[in-house]
Structure formats: C-alpha cells, structure tokens
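Both complexes below contain chain A, partnered by chain B and then by chain C.
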Partner chain A sequence: MSESYGDKISRIIISFILFLIALSCLAPVLNILSISLSGKQAVESGQVLLWPLDITLQSYETLFKGTRILSALSNGLQMTIGGVLLSMAFTICAAYPLSKSYFFGRRVFTLLILFTMVFSGGLIPTYLVVKSLGLIDTYWAIWLPGVISTFNMLIMRSYFEGISSEVEDAARIDGCNEWQLMSKIILPLSMPVIATLLLFYGVGYWNSFMSVLIYINSTDKYTITVLIQQMIQSQSLLTEALANDVQAIQLVPDGIKSAGIIILILPMVIVYPFLQKYFVQGVMLGSVKG
Partner chain B sequence: MRRVFKGALFRKNIPLYVMFAPVIAYYLIFRYLPIGGLVIAFQNYNFFDGILHSPWVGWKNFQMLFSTDKTILIIWNTLWLSFLNLIVGFPVPIILALLLNSVKKMWYKRMVQTLVYLPHFFSWVIVGGMVVTIFSLESGFINQWITQHYGEPYPFLYKHFSWVSIFVGAGIWKEMGFSTIIYLAALTAISPALYEAASIDGATKWRQTWHVTLPGIRGTIILVLILSMGRILEVGFDQIYNLRNAMVSQISEVISTYIFSMGIQGGQFSLTAALGFFESVVAFIFILGANLIAKKFDNHLF
Partner chain C sequence: MFQSKVYNRTIALTCAMLAILAITTACVGKEDQTTNSSSAKKGSLSATVYDRGLIPASEGTMEKNRWTKWINESGPANVTFVAVPRTESKQKLNTLFASGSAPDLIFEFEPSIKNPLYDQKQLMPIDDMINNYSTVYKKLIEENPALKQASIKSDGKMYEFGKLNEAIPQNIAVIRQDWLEKLNLTAPQTTEELYQVAKAFAENDPDGNGKKDTYGLNIGAGLSDVFGGGSLNNSYVDVNGELVRQWDNHRYHTEFVKQLFDEGIIDKDFITDNNGAKARQDFLNGKTGIYFTQANTSLWSRLWVADYATLKANVPGAELAILAYPKSPLGQYINWINNPVQMTAVVNRSAKDPKAIMEYIDFLSTPDTGRTLTSGLEGVHWNNGAGGCPNAIDPEKNKTETGYLGQDYNMVFSVPEGGKCFFIAGTFNVEKPEEKLAKDMFKANLDIFYDLIDQQASWPGLTHSEHLPSVPQELLVDLQNAGTEIPNIFKSAMVSGSSYTVEQAMADAQATWDKYNGKKIDEFYQTWYSENKDTILMPVDIFSIVNDQKKLQEDILK
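Our next item is the complex of A and B:
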C-alpha cells in the first residue's frame, strides 16, 4: 500500500513537532550545563545559550571549595543508598506474600493496603508519629514513613504473579523451601522489575526535598538536594530586592548555581540510559495489571 | 487427607507471615496510625497533653478554617492551580502518545522517548533552578533577547499571569513524557486488524485515529482521569515551594505550603491537621465520585 501525498506531509509535520518537543526537554539542560561551564562575563551578559562560551571550570571550583557541597553530597548518597536498600527489602517482603495464592488473608491485606492509596492521614499526624518515635533529625524519619511505595509494591506483585507457577512447582519438587524459592528462583527471574524499582526508589530518595526540610534540623545533615535548593533560593531572595541593589545579585552567580544543578542531575543522567528499557517495562506492567 | 493438606498449607504460610510481619507493622504505624491521629483536628492539641489528654474542641478548627479569609484564599488557590494542572496537563500526554505512535522510524521514536522521559527524573529543585535561571531578569537568555529587541526585560516570575503559566507549563514539561508510557502501552494492545479494516473501508489516518485509536485507549484515559481526580486538592509541595517567590505569594500559597509553615514550623497542629483532613476527605470523595461516573461508562477501577 503506497503512502498518499497527504500522509507524507502529515508524517513530516509530526516528526518536526516531536523534534521540537524533544528539543524543549534537552535545551534547558544544555543551557544550564553551558552556563556552568562559561566565564562570568559571558553568563552575566546572557549570551550563553546551548553551548559554553570562554570555557572554564571556575564555577565548579568555587562550588566545591566555597560551600559544604562535598559533605552534602556524601549525605545525599548515604541517605539514598540506605533508603533504597530498606525500601527494596520492605517492598519484596510485601509483594512476595501478596503474590502467592495460598497466602492467608491476601485479599484483606490487599484491600487494606489499597485503602491507604485513596485515604491518608496527611502530613501533620505522620509528623507527630515520627516525632513520638524519636526519629526527628535522623534519616530514619525520611526512610520509614514512605518505606513502601504502594504503587511500586503493586508493580512488583504483578511481576511475581506473572512468573509461571510451573517454575515454582518444579523448584518445590526439587526440594526448595519458601526462602530458597524466593531467593534462588523468583528474585533472579525478576531482575527487570528489581532494576525498575531500584531506579524509582533511588531517584525518589535522591530527589526527596520536603521530608528533609521537615524532619532534618541540623544543617550538617542536609542532603545535596536541599543544599542546592538553598543556594538557588537565597539568590532569588536577593532578586526580590531587584531594583534596590543590582550589585547584590552578583553574590551568588548563576554559574555556581548551575554547576550545583548539574551535579544534582549527574547521577540520574548516568544511570538512566541503562535502566530505560526496564522502567518502561515496569510501568507498563503496573498499569496493565495494577 | 484434607487435614494433611491444610497442615501443609499452614506450614507454607509461616515463612510468608514472617516476611509480612514488618510490612503489617509499617502499614499500621505509618499509614493507619496517622489516620487515627486525625482526631487532633477536633482537639486543641499540644505536646504536653498529647493526643490522649488534649482538650476537645469539636468542629472549632474547621469553623476557623472556613471563616478565615486567609485559609479560604489558600483553599481557592489550591483548587485553581490543580484544576489548571489537570485541565491543561491531562490531554498533553495523550496527544504526545498519539504522535509518538504514528512515527514509523523506530530509532527516531526511541530517541524522542529517551529525551521526553528525562525530566520526570529531575527533582523540583532542579526544575525550579532551571526556571529561575532561564526566566531571570538580569541574565536569563529570554530576557536578554527581549531587552535587545524591545528595550525592557519582562518580569515573568513576578507577574501573576505569566507566573501561573510557567507554573503549569513546568509541571507539564516535567511529566508529559513519562505519562505517555501508560498510553503507549494501551496503544500497542489495539489490534492491527482494526486499522486494516478501517483503511479498507476508506478511513483516512485522521479518521482512523478518531474511530479506532481513541476508542481503543478510552479505558486507560478514564483510569488516569479517575486517579488524577484524587489529587484535585493537591498541589505538590516541592513544585510550589521551588517555583514561588514573594511577588506572587498572593496566588502561590496553597494547602501543602500552609500546612508546612503553620503546622510544622508554626506549631498549629490541630488547625493544620483539620486542613489536611479536609484535603484527604475531598480527595477520597472525588476518587469515589469519578469512579462512580466511570462505572456508567463501564470503565471503573474498583
């Protein structure tokens, strides 16, 4: 079947629209990257667009020497890694039993868990629970209240349910007990969903902002996300005094701020391409069966 | 025989319950206990007396919420911003998914997908930083361009209309790509035979989209709509916190930021818990209501 002239035109238009949309996603990142790598003069005159001018690493140097970013970076990594491990363990512990048809009370538990997706106590009661447990100012306060994302757990449960029961029967006949079945058979077969959830939880903890703001009081425990946010905010606070003192705005140059943003983006951009095929699969699974 | 079977079943369940015990504890402590903790919305809660001994005040906190100008404004702001997010943002991923679906060159489709999924993984700190940089008065390239051509920079982030546009636009920009995944999944489930039949009947590409593709993903569209109804009173804290500034405080104070500043920072736990309670109940009613309507169209969630 040959393509009509009209179809061809519309195909070209669609490709072009998609090109613009993709560009709109890439351009701000390139702009920030270029600003972070450009000289002060070029940045202040607003000439930097999608490529750096007078390339220099000055912004990164100032950022690493002049701020507490290194300790905040290590805080962010610790918080993220700890949180991901904890969340994965809890999510598996929830998803595995719920995927088994012989699990007593599976229906009731599923309903009770689903209910928490449509009704929640909200921030204040949760805060009071965390406070009364004495978790304030520890990373446990960030990890525990959301340790299981019910949505992620359902994705994993669907995946477990999709694993053929013949595999399970065969393993049992060979003498596997429940632990061995899970650790040696089911989990190794579930690598795609595990990779997906590692990405989701990892990104979630790395990006977590409100919980750090609420539960962490000592500034030396701040994660990198919050530190960078305060750098950005303090500048925009200065911008509010815009007409009064133009010179004050130069206190925190755009370059340093952009360098901070790039460092926040970096881990995601590094892991993302490797995990893309997994998370697409994972989300589809969650959406089709969940 | 039956007893033996039951015994085996029981033994099979022991390891499952050992695993599941921490999960039960988690949901009880961090999900159900806070729901119970909502009783403080009917109290005058203070740390000294705790939940058990704080004095009861009945509906006073709610009366205060709905009679104070400030809180009414905040509820209104929240409704308005999330309504805009929903109305403007809802069709975008559907259109994007349809566009992506019509691309025949796989490498091109994959490249576009890779790029549009990316912003989903950026935190609002990152997006907020980008917005402030790009639209800034002094050095943002947009205002540089405007200054060169028209002389005066435009304070995008300080005018109400442009701020709201940027707020909604940033939300769409961040999530449009990722939200296509669910629609693309639904699109692959449409049988190619339907398209063949339609094209034999002489349907053009546009008519095929209208009569085959859209009905084919109707269930998914309704599902996503129901789920977003539950967030009608919710403007994400991170989004608003990272995009707002003092010049637009009149329109950018929403429920989540108010609970944060008045409750967590200001210690008015009962009042803000009442606000949170109101938010949860409205969300719950909206989800059930949307589900009820969807039932009429035979596409319900529960």
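Our next item is the complex of A and C:
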C-alpha cells in the first residue's frame, strides 16, 4: 500500500501533535521527579521545571532516614498483594457461577449484587459492623468490606459468558467437573480479564487512603499512601484561616514531598508494562456485546 | 498438560499465601492486648497524639518511642497513645467518637472539631477533676482567670484544658528597603501611600533589569487585616453593646486589590495561588516589593534565616525591613496576634479514670516536663548555654531524636510559665550572624507592635476567632456556604475590571448573606455576646496579656 505525499505529511503532523499531547501528560511527572532530585534553594526559588538543577539525592536521603517510609512501603505492598489475591479469588468464584445460564437463582443473585452498586451502608454503620467483627486495626478491615467490587465482577462475568460453550462441552465430555472446568479451561482462556482486574484491584488497594485512615489505628500499620498524603497536606495547615497549630508547623519541603510521590508511584509504574498487553484487550470487554 | 500443572501450582500457591496472610494478621491483632499489665498503683488513660508522618523509622512510632516511654516512666500515669493523623484529625476523631472507641483525653487545636463534640454531649466537664485532684493546673487557672473563662461552655461548666501562649504578631509585612532607597521613597504609612509605593515598585523598574517584571506586593496573609479583617463571622463592631455587622472592611479591601489588579501591580494569577507558594517564590527571586506573610514561631526563622539567605543569593543587594501596617480608611489596625489563651484538650465523657487524667495534665503543665518534651533531656540533648537557656549538644542527633516532638506531646504546656527560654526571643543563638539578625528583627517587629498598641490600634475583627462560639448545627451549613460564596463574590470583583464593580459586589454579598440566614447568624452572635460579654476574651484582654509579657520580652531582647 503506497502513501501519497500528502498523506505522509499529514501523518507526520498528526504524530507530532499526539506526541506533544503525550508529552504534556509526562510533564507533571517529570516536574515532580526533577524537584525531588534538585537542590533545596533551586526548588524554593521555583527555578526547577522539567530538568533538575544542582542534582542531589538529599531529599531521598532525608525521606528514608527521617520518616517511616520503608515500613510504610512494605505495609502498602503487603496490603495490596493480600487484598488483590483475596479479591481475585472471590471475584472469580462469584463471576463463574453467575455466568452460567443453568445456575439456580442466577437472576435473583445478580439483582441482589447489583443492588449494592446503588445503595451502601454509609461510613459509620459500616465501621460499626467492622468493629463488632473485631477487624479494627487489621488489614482485614480494608479487605473484607470491599472484597468484591461489583463492577469488576460484572466485567469478569461478561467475559466468561463470551467463551463459547462448545469449549465447555468438549471439556465435559473429557470428564471435567465444574471446578476443573473453571480452573483448567475457563481461567487460562481469561488471562486478559484477569490481568485487567489485577490492575484495577491493585491500583485500588494501593491508593486506598480513607479506609486505612479510618480502620487502622496503629501508625506502624499505616501504608505509604497515608504517609505521603500527610506530607502533602501539611501545607494546608498553614493556609487555614486560623493557623492555630502555631508551634508545630513543621513544613515538609517540596523536595521531600516530591521524593515521596516518586516512591509512591514507583511500584505501579513498574507493574504496569507487564500487564499492559493484556490490559489493552481486557479493558474493551463488554463494550461491544455480540 | 504442562499448562494445567502450572495452574494447579498457581492455585496452590495462592491458597498458601492467603493462609499465611490470615495467620500473620491474626497474630498482629493479638499482640496489643498483652502490654497493659505493669505498675498497678498508677492510674491509666488513653490519649491522642498527632501523627504528622515525620517520625524517623529508627525512633519507632508516635505511639511508642523514647518519649512515650519517658512519659510512662516519669509521669504519674500509664498512658496509652492513639495516633491521630494531623491533617485528617476531624475524620478520625469523628469516627472514633461515633463508634464509642475514642480515647480518654483528646488533644486538638481546632474549635470546629471540639465544639460539635460538646454539642453532642460527648465531653466530660473538668471542674470536678480540677477541684479534687489538681495542683499545678489549678494554680495556673487561678493565676490566669482567662484560661478558665475560655474553657467554660454554654452550660457554665469547664470543658477544655488549655495553655497560655506568647502573644506576638502572627502575620507581618516586610518591604524591600533597597528598592525604597533606589526609588527615593519612604515607607508607606497609609493604604493610599501603600498603593503609591506598590505602583512605583511595579512600574519604575526597581531591580534595574530594564523589564517590567516586578510586583508591588503580594496578596498574602494579613493584607485584609490592614483594612479591618476579612473573616465573615468576625466582622462585628460593638456599638453600645450591640454587635453591628461590618461591610466597609470588605469594601475597602476589595477596592484596593481591584485597583492593584487593574493596574498590573500584583501577580495576575494571585487567585490560583491558594497556598502562597507562587508568591513566596516571587519574593525569593526578588520580584516582590512588599511581602505579606505569616511569621510566627518557626516561620520567623524560616523568613529571616533561610528565606533571607535565598533572597540574597538570588539578588545580592536585597535589604529587608519590617513594615508597620499602614493606616486604612477605617483607621489603624494591628497585626493578627497568636491566640494567647488557647484551648487544646478535651476529655471523653466515658473516660474511666479522671484522677489519672488530671494528674497527667498537671505533669504536662510543669516547666520541667515542658522543657523535656520540647528540647529533650539535659545532658543528653542539651546543656545550659551562655544565656542560661538550652543549647543543643549535637544538632544532628537532636534532629532525629527530638525533631518529631514539636509540641505534640505537651499541648497543654503554658509557654510563659517556663520563663524566658521558652520565648522565641530566647532561642536565638546570637553567636551566629544570621540568628543575630533574626533576633534584631524580632526586636524591631515587637517595637512596631508595642507602638501600634500604644496608638490604640484596633483589632481586625470582634476578637480572636478561636474565642467565637460555633454557630448551632442548623445554621452551620448556611455559614459555610456564605463563607465560600461571599469571598468568591469579592474575588470576582477584584479580577473582573469594569464589568463587575465593587458596588455591585457589595450588594450581591449582602444579598447572599441574607439568603443564607445571615440575620439569624447575627442574632446568634448577638445573644452569645450579650450573655457572655464580661467573660469573653476580647482584644483589650489580649493587649493586656501582651503588656504583661512585654517586660520579659524586652529583658530577653536587651
């Protein structure tokens, strides 16, 4: 297929424009990265834009020595990995039967589950339930109340429904029972949706802030999200009209905040490329119903 | 075949990990319950402590570190600490109270968090425990009745522990002295002159680079106070016992900023710079002529030691001087002052051991405890220096071991009780030239400040806003809405040129106030004022506290 000269030009122009747009998404991240690597004075005078000035690792050093970031990071990873495993296990176990037309009460169960998308118990009642179950100050309090995201479960159900029934029939004839059918046939065929949901759940748990704040009381169990949020928000104490916290206005310098943000986004940035090839297929799921 | 093996393994692995997780978290849950068994005769209580995420990992956590250990060993009670994230304390405390698991003693600065707890009957009055068990704190409130009055709620009982603070300006304005000299100007004494000087700073190229890239001033902390204050629920003046709502302060402030904006004297983007970061950068880069900023406590050193050095590095000839607040059309106003009588702690209604709580408060109110929980231990973290005040032995070590203390464990300690070493002026090390300068500037600032008080300058508002009551629940949303919308009306007027005049904005603002039950809010404050006029901490009381501390301040600064 040959391209005309005009096509080529327009393609180059369009690529260039898209490149600029992509770059504009990268700019804030670059800015944060540069601030985290720059000298204090350059940061305070606002001279750092996309490129670090007086490069130094001072901010990272202060961050690692002066805060609990390492333990918060490991807490965040534990909570995320644990939560993702639980959520995936439960989501698969809920989605699989609901995808089968011969499942008894399928419609009723689906409606009951859908109901939770519209109505929720509210913060305090949920807290009281979690408390009476003795889960306060454990990560179970974060995992269990939202172990299945209805939306994610529906995505997975739709994907399961899309797998042709001939494959199932063949497996049954070869002697598979339901569990074998699910684990040996359906799941291996569902890698795109599994990768997608891993990412959805992973990002969800990694970013969870309010629930950690509410349910976790011991600061040694705080996750990195809570720690970094504290640092970023400390600036707002100053601008409150009263500024009543007079003595202890311990301002966190921008360089250290930025270093914290970089550490915070790092795990997700690392994981993303490995899941991306599945993710692109998976996120389209259910958008066109055949 | 191969694939199915892999899958079997994956599933097995998943199950194993889940099981491990279940076991580890269950263990963690059990650990906590075994610690509360030592020392039977001491009372026990639980208390909150702010967590700012700034404690080094090597020190432990805010609930458990060398200082909590010290408190439990040296103090009169066994204290279990519950950390409350500083920036989310409202959320956290509300959940703890709503679920009935709040600690016994709650340390919190923010009245808008504590007042609703009183309204919901979640708090225990403290009169009895003071009468029955207290020595130190009892003496403190006898000597300083203001502390008692500020803690009395509408049912006539005391509900809050508090402390006395150093009464100094919270916000100041500094001016580029070198620019004044270069342009042959004098420091502005009225807001009209403030406008003239700012205009000259913006237009006459004071930095000499041939470009019009300087700003006259920044719209920063305290500028609205120059015109009589900017807070809606504090905009009252007492006329023969009647509270009269003020609008002219808002009018003059809006007109002033609008004029500066229209003539390009200030940063056109000031509205989006909501935390002042851009304004500070401009100032540090030598682009701002008059800088309005918060400058109390640690911010004083930040301004005069760190920021001044950065400014001089960027602009070698820069010289700063303190600018007394200019006189506005409504008269001369004083800088906002730190709340000198600050309420900081409340007691949970369901607390079991009031005696332990009271003994703990007494312990915290003692100067020795105050010293340790501010600077660390004598001989370990500090020695007495030349002026008789603590000098850090090893600043690097202290950064780790005492840096996270701030004031978070002793929020009820009254600074004036501790004497001169607790005053900011006593903390400068005059052997270092930059700290000497900070001290000299501190003196210059106080001289201006005392002078303004002597001239009968007015307080920008009815009184310190922490001493105003919270409006009742049914008016709260109205006040919040009005408090968002009305300032936005003024802001639109500031930046809209001739299309939205100040007159129109004033009319809209007053209509908005009426729309949100402003009359009822006014009535609420009027009733409160009439009933409590004699006990409210008013500006005259604040000024008299300033005067009480004046002699000591001057002694230190001599």
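Note that the second predicted complex is superposed on the first by the 236 of 290 C-alpha atoms of A that agree within 3 Å, B and C clash if a C-alpha of one lies under 4 Å from a C-alpha of the other, contacts with A are read in each partner's own complex, and residues count from 1 in each chain.
Simple rule for what comes next: contacts are C-beta pairs under 8 Å (C-beta built on N, C-alpha and C of every residue); 3 or more make two chains touch, one makes a residue touch a chain.
Computed from a predicted structure; not experimentally measured.
Chemist: Can you tell me whether chain B or chain C touches more residues on chain A?
Modeler: Partner with more touched residues of chain A: B.
Chemist: Can A:139 be said to touch chain B (first), chain C (second), both, or neither?
Modeler: In the superposition, A:139 contacts chain C only.
Chemist: According to the stated criteria, A:276 is in contact with first (chain B), second (chain C), both, or neither; which is it?
Modeler: First partner only, chain B.
Chemist: One more residue to check, A:162. First (chain B), second (chain C), both or neither?
Modeler: After superposition on chain A, A:162 lies in contact with neither partner.
Chemist: One more residue to check, A:96. First (chain B), second (chain C), both or neither?
Modeler: first
Chemist: Answer with first, second, both or neither: which of chain B and chain C does A:7 touch in the superposed model?
Modeler: Only chain B is touched by A:7; chain C is not.
Chemist: Is A:28 touching the first partner chain B, the second partner chain C, both, or neither of them?
Modeler: first
Chemist: Looking at the overlay, what does A:67 touch: chain B (first), chain C (second), both, or neither?
Modeler: Second partner only, chain C.
Chemist: For A:207, using the defined touch cut-off, is the partner it touches chain B, chain C, both, or neither? Pick first, second, both or neither.
Modeler: Only chain B is touched by A:207; chain C is not.
Chemist: Of all the chain A residues, which ones make contact with chain B and with chain C?
Modeler: The overlap between the chain B and chain C interfaces on chain A comprises residues 44-47, 123-124, 127-128, 210, 213-214, 226, 228-229, 235-236, 239, 242, 246, 249.
Chemist: Which residues of chain B touch chain A in the complex?
Modeler: 9, 12-13, 15-17, 19-20, 22-24, 26-27, 29-38, 40, 51, 96, 99-100, 102-104, 108, 111-112, 114-119, 121-126, 128-130, 132-134, 136-141, 143-144, 173, 176-178, 181-182, 185-186, 199, 204-205, 220, 230, 237-238, 241-242, 245-247, 256, 259-260, 263-264, 269, 272-273, 276-277, 279-280, 283-284, 287-288, 302
Chemist: With touch defined as at the start, can you tell me which chain A residues reach chain B in the complex?
Modeler: 1, 6-7, 10-11, 14-15, 17-19, 21-22, 24-26, 28-29, 31-32, 35, 43-49, 90, 93-94, 96-97, 100, 102-104, 109, 112-114, 116, 118-129, 133, 144-148, 177-179, 203, 206-210, 213-214, 225-226, 228-229, 232, 235-236, 239-240, 242, 246, 249, 254, 257-258, 260-261, 264-265, 268-269, 272-273, 276, 280, 283-284, 287-288
Chemist: Can you list the residues on chain C that touch chain A in the complex?
Modeler: Listed in rising order, the residues are 3-4, 7-8, 11, 14, 17-18, 21, 25, 28-29, 32, 50-58, 60-64, 82-83, 85-88, 91-92, 95, 98-99, 101, 109-110, 165, 170, 221, 231, 274-278, 280-282, 284-285, 294, 296-299, 302, 306-307, 310, 313-314, 338-339, 342, 399-400, 403, 406-408, 465-466.
Chemist: Would you mind writing out the residues of chain A in touch with chain C in their complex?
Modeler: Against chain C, chain A makes touches at 41, 44-47, 65-71, 81-82, 85-86, 89, 123-124, 127-128, 131, 134, 136-140, 183-184, 187-188, 210, 213-214, 217-222, 226-231, 233-239, 241-252.
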